[in-house]
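Letters A, B, C and D mark the chains in the order given here, with residues in each chain numbered from 1 onward.
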């Protein structure tokens, strides 16, 4: 059974101007899916929808979210709460603020275990110690009594990971978990996540804006633009031969090579991402697309899925061999 | 020819409750006309503090600094003089512009403070520079919050360039931007450099960006330069173990070789840094000597490196 | 599970290099000492201000001390010399501060006794008022604030907010009069004034009950404004904290909404309320003037009121000094409390 | 100017802002019309003493112990309340803003010194200090205004300092330093306009507090004996509590309504100027 299945999800403040629309996504057990897009494309909201943590003014307007075949949307709050922590855990971008500043690290880990597993104080503490060791925090015993501000950003992010993994969930959602970290610490955390994912056979939904990070950690990639999935497939296949002009543009816009003696111009994408209420009819990307034609204005392209699992939402996709 | 910028053993230490914080700890470097020096390092390595010393927001506590061959003082006249030679653009496109002023006012302010031109002349200058950075007259009447992140960064660049400086310090200038917008701004910076003969001190934690834009690269760790030289040499023949680790940690590079060694731990505090070589606590090739004597920058091949054993292996 | 081999033997992760051995004080001790020094500085500034007021008063200190007593010119001259009034202003200031520091506020003519003795006799009544008001208003106000934030935007919130607005806008002395009218004059439930029933000779529990009955109205009158303050700050603080990332983490862990709200958010939201308590104590010593005067309570506030009307500057400034000292001490205690509540504080 | 007008417009669309503004306009009208409607002033003994409200249609709100009509007393009292409230709050605003801006921007020992001074003023019980000042120097409107302002400024100083501390780290302030702008110009032209929102909100609360303190002083008998204040009537009413509680009720209602309307305006300003807070509702 598919671990996570999101079917035609629509999230927004009201009936009109949805922030996320027609979003379909699956994550299998033991698989890492990279969810990629620029700021405002709706990737974080997707994560919050799965966790049932949407801000008050936003709501799932349409579609279904299934975790191990069970529809999350229709669950009462109490059941949903139990799924969080038990079946799915989440890691956030900002390790500085993700932990409660006035509680010790230890108590922030043990409370999960006591809530969901009903462990005794001693048993919970023993498991917390195990978890800190699992996420490779040195001198774990002493660190249980530390407050978050006594730790570095990388250490705090490890604690957040330990909390997310406390009850051995089957799905882990990581929302830009390394964006706020230095590059050497990022490398540590990415390696740790990858290792944990394999050891625990986790389904990992990894949200990031960084294509390099996706290439490093993910098996499959899902590219979002302005609230919709525009391209999906195996990481290498998509990044080496993108079909959607937006994906191709993103790849080409990244600085590659050059030692600056007459550096080649980067292929930027003209304009900027439209706000949810200003999204054009037809293809949302057409205003910035070098390949746009009149059909793109008239008709919103559907996400066309090939048997290989590759999917593209474009009337005029790039074909292999044609440079982006 | 005089370098645009030259620092010699530049230091900025400040006292904290726990001892002296060595934010910048003896930096010697030069930037030639029309050149881009890329400065990389992790947070807390002192790269931003160095930038602030160069533009005059902070006063170094030791060493010398010369801009266009002149040692800038702290009097108001020399502050204005320095402003005409060196300007800075910042990371956060939201905090870098006063939210209550129009874009035109923001761009003309440096001229006004320096007492250059009449109101009409300043307006004309703003219009000209705005065009150069890809803004239209329409944008001049807007308030910052009415612009997108990329446009705001263009306004920052216009404000920095309106005094015709020779050196532009870019402190993480594209780090907060989305990839597609980042590419626009990088292209703009390269175009402007070609057209105006600008020199850049380009500070970034993103090595791919630095590699793309810089002629020379300097790597900082705990307030000191550990490796500096022509970009290609530093990148390809990286000698310092820290430079090697930084480059190996870039996700694209890491994706290519999954088992490359990565650095453990975090950067130590710049208050009471480790004795000897500051990098030794994380260094894969550290030996006992490293704790005893601090390696100084020395020339190895085409670039300079501060490591006892950089060319041993 | 395979542990990767650490690349270095040192294993100094996170905390940076081993701390250099030094004679430096621990951060916590440094914090305490700094706060103590600040408290002393503040008291010295209060003394200087007090001195300025004495200088502004018509007549000098000796005139005031002489008061109604007949003193010969010689005696006055010798007093002037004793208090250094023939010296430079700076020397006078130093002498004055030295006197205050030893709690010597001079003579209180209206009481024919040293001002300090008068104040000491009146201190307990005010102290009881202040302690009761602070604790009551803090508890009640916080409960209101937390409830309002729990039901933000709902009817409960609106009701509480309107009630808070009414309490906030009504000065304490008007509340006091209103309470007297209702509970003493009309209903005769509670005594109208005084600290105890005079001449009844109550002892033990009966006495305590009697005093409590006398204090209900004054304490209530002093509380209302600060119930509103704590309520408003508490609500705003809770709403602010609930927006922070760690609250989302707590929800993401699957904790019950109650635990997220009352354990994670509340502890953080309480911090600004604790700071408020210091300001409240200061303000209550001022409010006590009105309330003790209205209810005829023999406390420091009433003493200050009498001193003003009988031009007893020594006594008045003595009350100001002792109240300020009390506030400084309370603030110091709050700072220490803060150190326990917020582990980050001594790093600032 | 355009900004001020649009702010008033936005306030008028906010429910509590509208109620507050209507009430405060009524009070302003009362104080403006006092001299025209009652040219004889509030002190004239116009009728029989201790007349209850409604007892005589000539005196709808009754008369006091000396037979003075309470309506002119209310009108003239509004004048005193507004005058003292606005000028004391204004003075406190100026002192507090300057002290806060200097402490926040320059930091270091300047900040330390100014903050200890602020601490000292916040430590001395405010009302006690006001009483001491008025009692020692003498009760007149300027002294009363001074006595209120001198204890009120620390609140503003702390607020402004915190905001300046936050803003001075912003890159746009750094950029002004780089272009060689003078520090004074940076503080007053670049930074302070960005702290206006909280200052304006606090100003309305400050006016309300000043009005309360003035009334409290007059209630204790420490008001300026030459002007009729609401506190003056309250003081007279205090002696008549058993038999003539209307003497307390009439000025008390005026006082509470004024203070409440100012607080309503403050709340509305807070919502209008800080849209961030409104999202939650």
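Everything that follows uses one rule, which is that a contact is a pair of C-beta atoms (placed from the backbone, for glycine too) under 8 Å apart; a residue touches a chain by one contact, two chains touch by 3 or more.
Computed from a predicted structure; not experimentally measured.
Touch-path distance (fewest steps) from chain A to chain D is 2. By number of C-beta pairs in contact, C-D leads when C-D and A-C are compared.
Work out the mean CA point of chain B and of chain D, and you get 50 Å between them. The mean-CA centres of chain C and chain D are about 23 angstrom from one another, to the nearest whole unit.
Among the residues of chain D, none is in touch with two or more other chains. Residues of chain C found to touch two or more other chains are 11, 13-14. Residue positions of chain B touching 2 or more other chains, listed in rising order: 263-264, 266. In the complex of the two chains, the chain A residues touching chain C come out as 51, 53, 77, 81-86, 89-90, 92, 94, 97-103, 111-112, 115-116, 134, 137-138, 147, 149, 151-152, 154-155, 160, 163-164, 166, 199. Looking at the complex, you find that chain C touches chain D at residues 38, 41-42, 45-46, 49, 53, 56-57, 152-153, 165-166, 168-171, 173-174, 177-178, 180-181, 185, 236, 239, 243, 279, 282-287, 289-290, 293-294, 301, 304-305, 307-309, 311, 313, 316-317, 319-320, 323-324, 327-328, 331.
Remark: chain D residues 170-172, 174-182, 190, 193-194 touch chain B in the complex. The touching residues of chain A, when paired with chain B in their complex, are 38-39, 152-155, 182-188, 190-191, 209-213, 215-216, 249-250, 253-261, 263, 265-269, 272-273.
The residues of chain D lying in touch with chain C in their complex are 116-117, 119-120, 122-137, 208, 212, 215-216, 219-222, 234, 238, 241-242, 245, 248, 252, 255-256, 259-260, 263-264, 267, 277, 280-281.
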